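Each of the next two complexes has chain A plus one other chain: chain B in the first, chain C in the second.
Presenting the complex of A and B:
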């Protein structure tokens, strides 16, 4: 067999391997929730209490599963998802993000945030039988803001036009009305809590103003006088339930990027927002281990416990077929009222020391009136008031308090490993190895390039053809190599501290020579653009004239003067505004042409790839061709 | 790695089948019409013009590593080197990727060898690894163009902002420039700086255009069929979305 033939076969086999990896699934078997579980929503069904949850098959696909309590533990029943992603409707085509189950007229109702392929969320709805096993999808919930007209859903906004992107929601039946709280992300303003209500899911009316914004928390203090941090600034999960005269809301916040020091960074706090506008912190909260984060939570229908999903990053990370996070469903006892009662001024005053110690150890937790744990801690009463940890405990048993807090922090029922993990295929396992081999081959090629440079400049030095420039090359090549090598290895080889000088030298060369020169070349483009534009904008043909007119319109539309021009025009003449013209040129005409070219490029690229793979294109085997 | 969904898998298999069918059809001698692409048509003339002026020819394969685009660039480079080799003219080629350098060397040597001009020019003088840094590459190529007073400058490949630096240097050196790129955002710069600009899918058609090989032209015909199918899907999708206010086609294609 000729060299070329052998190479073609090798290329075909390698290509086949990569193509199989592309077209075949990366894993086989496993359950629909084998990748991760999330967003538990407890509900009372005709078969008793059930927990509905989001099960993920991979990062891109999810469905709703159901857990029933039997044989002393939570088991999946039925064994398949009860609500699956849609085939023909894009609203929930990628799956489900969060859900809540409510008691409906004749059975159960589920509200869930369906996500489409672009990861945009829509509040979807389904109706189920009293057991919650069989579900039928209905139209998405529709929201309106105009009291005089019905909501107008569009393909882009199936829920009607909301004032922001939907992040979290909570819903409840109050009398004959559905009440909802929506957490919306409004561009430039952050998260806001909005309220909506109505008798029909197809016509819920939003309030004119948000119920809560970050400003609502400014100056808000807990009973101990500490400032209450804004939970919306770092919100990771949300739930709420209506109470007489207002709403009680639960916020899970991750303050990792907002606080420093020993303060706990993951917490669940709760507050009440009364109808008169006052906000009252409630003494229910839970500090979590800093490594884990609450991703979703729901209060049980009887308001006695909190179902939440907490995830933590796995270290070391597992193979890509498996989730890089371990997510657990947790059922926590909810003792808000009792905790509030315990948080008296006297108790708080006594407990601050103990609380600080507990918090510093990263173990502070909830709690109610009595903490289960070691004998010394039995009488300790701890509470969390105003979103901050406060423990009602004698200072001399602070350590015991911390230990008790730790015990309590792990209390609660944990549900994990619901679904079977999938098995990665041999193709997907081998592809990592193949990619590593490619990287190694690529690394060796660097030497070929370096040899070329050394030969070229070496020859010029020997022949004395402007040798100064070539000597500069050798000086900087050796200099950067030496400084880089020593900066990386000098610390361990020759003792601590000695590497610092090499690092300074390397930084000097990079920051003061390489970077400025890079910036200088980049800045030259400005002058080149001007000279090129001058040449091309001379109107020599119809095409050049069109190019110049379009360029001028776009440029003027982007400038302040363009916004000023036509700003006084009436609304009906909007198409004469420069900003409108400029935007349409860019987003319609230009985008159409760009997408047309992109489609052509993709098809062309695919065509040539297949040609090379099948060995049809001999031009790639240059060097092995017969001499002509 | 991204995995194919079902519609993509079906499209992939159908496309493969159409390519094989068209290749078989053209091998049997069915005629095929290839429209004229001015930027590719004049390559031989531009090489001749540089030869008359006794100025070297430069071929830039762009800033790309090992991949489909590099193969396309190097296929054209092979053609340019053969034409230049016939006229005993040097072809300079700056490279930005070590693997691309190794491959380009083979194409370059093979091009001259096929014309019986092996060893006419030293490899290390004509093929030079510049840098994988955009600025360094742009500045290095611009300097080389001006020092050597390049007469013909071919820019075939992927480019970033260094495109304008190189093309303007060629313009100032008075070189005849032909750019052919799949980098959509660099097309305006090439249009104003180069004498001929080829972009989009024509970049991938260049190899077939020069060789007129039935295998390569067959795949071009298959490309057109694929684009027709995509066009029909777009039109049907627009009608379904606009008139029936339903996105089931979009959903189905994304499933």
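Presenting the complex of A and C:
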């Protein structure tokens, strides 16, 4: 086979490999929830209690699955997802999060936060049959604030204009009304809980003021007299249910950053927010403290349990095709345990201390494995309890702690792990090897350039053709090479010894010679531009006049001084503002023309690339012919 | 018969004036502006505000990649676009990794030069809040194709030679799904590969900071929604600085750049006025000549 033929086949195979890697998925097979499980939402269906959840195939693709209780355990039924992300509607193209399933008029209603490709969440809705197997997506929920006009959704805000970014929500049916609590992130103010209500999903009315903010927790004390920490500051999951005279809310908070050693601390707390504005903390009987973070939770319809998703980082991390976190769905009973057994405030306080310490000791861990020592336990307990003197907890608390630990440790039931993992393709795994080969080949280009320059200047020195200039080249080539090499290899990484000296030398050469000289050379262009603008940019035709006017407008309009020049014009004359004119020139006229050129270039590039790849273009192998 | 030398007027002299006078005036103006501060209000374009808003909403459990393709020729404009973005990330506590390459080899040194004092000022730590990756050889997008699937085996080490697996903030970053945004700082508009191999395939948002002169090509991708933000030259970084409520290198440069642009536009207008007046005078003189004959 000729050299040309061999090279053509090699080029074809390499191109084919990269195309296959680009086109084919990185992994094949496995279940739709083979990457992660998240956002459980228990609901009463015609088949009994079912738990809906979000299953992830990878980080970008998710769908809603259904778990049914049969044979003493929770099983996926049906085996396929019941709700898929939309391919053509942008609201949930990038995924589904935070499910809530409610009983509707003739079947079930599901609310979820759909994520679009810009990672912006929209509260979406679907209606299902009583069994929750078949679903039909409906328009997103719409919120309004003006009592006299209907909500006005836009492409940018499909839910209508909310006072912040939607993070969590909880919904319930009260009488003939839908009631909702929304946790919104307001820029600069943090998370806030807002209430909305209405008869129709397309017309829910938001209150004028938030129901809860971080300020609501200032000075708030529990029955034990300790400060109640602000759960909104470290919120990782939220749910709520209406109770007579208010709402009972559940918060899952991550207090990890509050501890000095960054030990994992996650806690579920609860409080009642009554209609008169008072906030009453409620002792949660079961505590969850593990290395696992609670990422979503919902109270079961009978309010006896909490379905939650817990996530824990895996160490060491698995291969890149798999999630770096272990995720599970857990059912945590809310009744029973130390806190409920305690009837008095004092007993509740002791139980809280006990539970906190137990929690902190890690003995209450359902999923985690971290068991911190006693000192760390006190520190974590202090973090959870708001920094009060937990360390001085009475000795008899230890016994209660042990009891609480024991009850809590057996409290949760893991109902779902991730499904069957997909198998990575060999094509995908091989891309790293192929890339390394390319990196090595690419590195040779530097040497080729260097050898070429050395040969060129070497000849000039030997032939004495202005050798001084060429010698300058050799001095700096060797200088930079030497200092750079020694700075990397000549000492210890701590900067001790000779390493520091070489690094100083390299920095000196770079900061005081390479950088100023490059900048100076580039700066010369400005002077040539001025000369060209003055002497050559002359209006000698209509086209030249149009070009000049457009150039001047864009140049001035791009600068703040130009934007400032037209800023004083009234709003009705906005089209005479320099900013408006220059932006229109750039984003409409320039963009249209430039896009046309770009598309043409790309089509041309594609055809040339295809010709080279398929071996139809012999010009790239012309050197071989000459040598033969 | 010898021709009598034609008398040259002011406009003729102006039309053919020695460019060195123009250079001198320009240089003097720049030197003066080094010592004078002219307060120019900096309006914030939508392209800048959208990037700022996006950073405000970014999650803290994913990293941002900054492709630092700075070089010394572009540093006057590029420094601001790099610094202001990095400062916003550090203030918000969003970890970021600086992607560097061998084509724009100075990018790594500049990133180190600007980030080290900034991190010290904001009490941030290398390896936990930010890191600088070792330089990668650009391969027309093949390196990005590999990076998207496995960060650790594509980049391998940071600029000091420490394996990425040993850098705390990189431990759980495996592929492009752990990246919430890519931002490229470069003089030219070569972001098409990030769009083609990353944004288009995985939906990772992409923004860029570029020289004002190169930004016209980037506006195509603003309209198509592929670019989620654009800092066009010093004006872009100055606008971003105003959102961060600080005055950095962008604000300093944009003042001088504004006057430089006014000077260039003034030169164009003056040159054309001179040309038209001289032409008009010559035409008038020719008419007079023909009428007297």
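As a working rule, the second predicted complex is superposed on the first by the 331 of 628 C-alpha atoms of A that agree within 3 Å, B and C clash if a C-alpha of one lies under 4 Å from a C-alpha of the other, contacts with A are read in each partner's own complex, and residues count from 1 in each chain.
Everything that follows uses one rule, which is that contacts are C-beta pairs under 8 Å (C-beta built on N, C-alpha and C of every residue); 3 or more make two chains touch, one makes a residue touch a chain.
Just so you know, these numbers come straight off a predicted model, no measurement behind them.
*Asks:* With both complexes superposed on chain A, which partner does A:609 reach: first (chain B), second (chain C), both or neither?
*Replies:* A:609 sits against chain B, while chain C stays out of touch.
*Asks:* State whether A:117 touches chain B only (first), chain C only (second), both chains, or neither.
*Replies:* Both partners, chain B and chain C.
*Asks:* Tell me which partner A:54 touches in the superposition: chain B (first), chain C (second), both or neither.
*Replies:* Touch status of A:54: no partner.
*Asks:* By the touch definition at the top of the document, which applies to A:590: first (chain B), second (chain C), both, or neither?
*Replies:* second
*Asks:* Is A:21 in contact with chain B, with chain C, with both, or with neither (first, second, both, neither)?
*Replies:* In the superposed model, A:21 contacts both chain B and chain C.
*Asks:* Touching A:306 in the superposition: chain B (first), chain C (second), both, neither?
*Replies:* It touches nothing on chain B or chain C.
*Asks:* Which holds for A:453: it touches chain B only (first), chain C only (second), both, or neither?
*Replies:* first
*Asks:* If you stack the two complexes on chain A, which partner ends up touching A:531: first (chain B), second (chain C), both, or neither?
*Replies:* The answer is both, since A:531 touches chain B and chain C.
*Asks:* Let me test your reading of the model: by the given contact rule, A:510 touches which partner, first (chain B), second (chain C), both or neither?
*Replies:* In the superposition, A:510 contacts chain C only.
*Asks:* So which positions on chain A get touched by both chain B and chain C?
*Replies:* 21-22, 26, 117, 431, 442, 446, 517-519, 521-522, 529, 531, 533, 535, 594, 598
*Asks:* Spell out the residues on chain A that touch chain B in their complex, using ranges where they run on.
*Replies:* The touching residues are 21-26, 86-90, 93, 117, 155, 431, 441-442, 445-450, 452-453, 455-456, 459, 517-522, 524-525, 528-529, 531-533, 535-536, 594, 597-601, 603-612, 614, 616-620, 622-623, 625, 627-628.
*Asks:* Show me the residue ranges of chain B that touch chain A in the complex, using the header's touch definition.
*Replies:* Interface residues on the chain B side: 1-4, 9, 12, 15-16, 19-20, 23, 65-66, 68-69, 71-72, 74-75, 78, 95, 98-99, 101-102, 106-107, 109-111, 113-115, 123-125, 127-129, 133, 135-136, 138-139, 161-162, 164-165, 167-168, 171, 182, 184, 189, 191-193, 199-201, 203-205, 207, 211, 213, 215-216, 219-220, 222-223, 226-227, 230, 241, 245, 247-248, 250-252, 254-255.
*Asks:* In their complex, what parts of chain C are in touch with chain A?
*Replies:* 17, 19, 22-23, 26, 40-43, 45, 53, 56-57, 71-76, 102, 106, 109, 113, 136-139, 142-143, 145-146, 149-154, 160-161, 171-172, 174-175, 177-178, 180, 197, 201-203, 205, 212, 215-217, 219-220, 222-223, 228, 232-233, 235, 238-239, 254, 257-265, 267-272, 275-276
*Asks:* Quick check on the complex: what are the chain A residues that touch chain C?
*Replies:* Interface residues on the chain A side: 18, 21-22, 26, 58-60, 94, 117-120, 165, 185, 187, 313, 315, 317, 319-320, 324, 428, 431-432, 434-435, 438-439, 442-443, 446, 488, 493, 510-511, 514-519, 521-522, 526-527, 529-531, 533-535, 537-539, 548, 551-552, 554-556, 558-564, 567, 579, 583, 586-588, 590-591, 594-595, 598.
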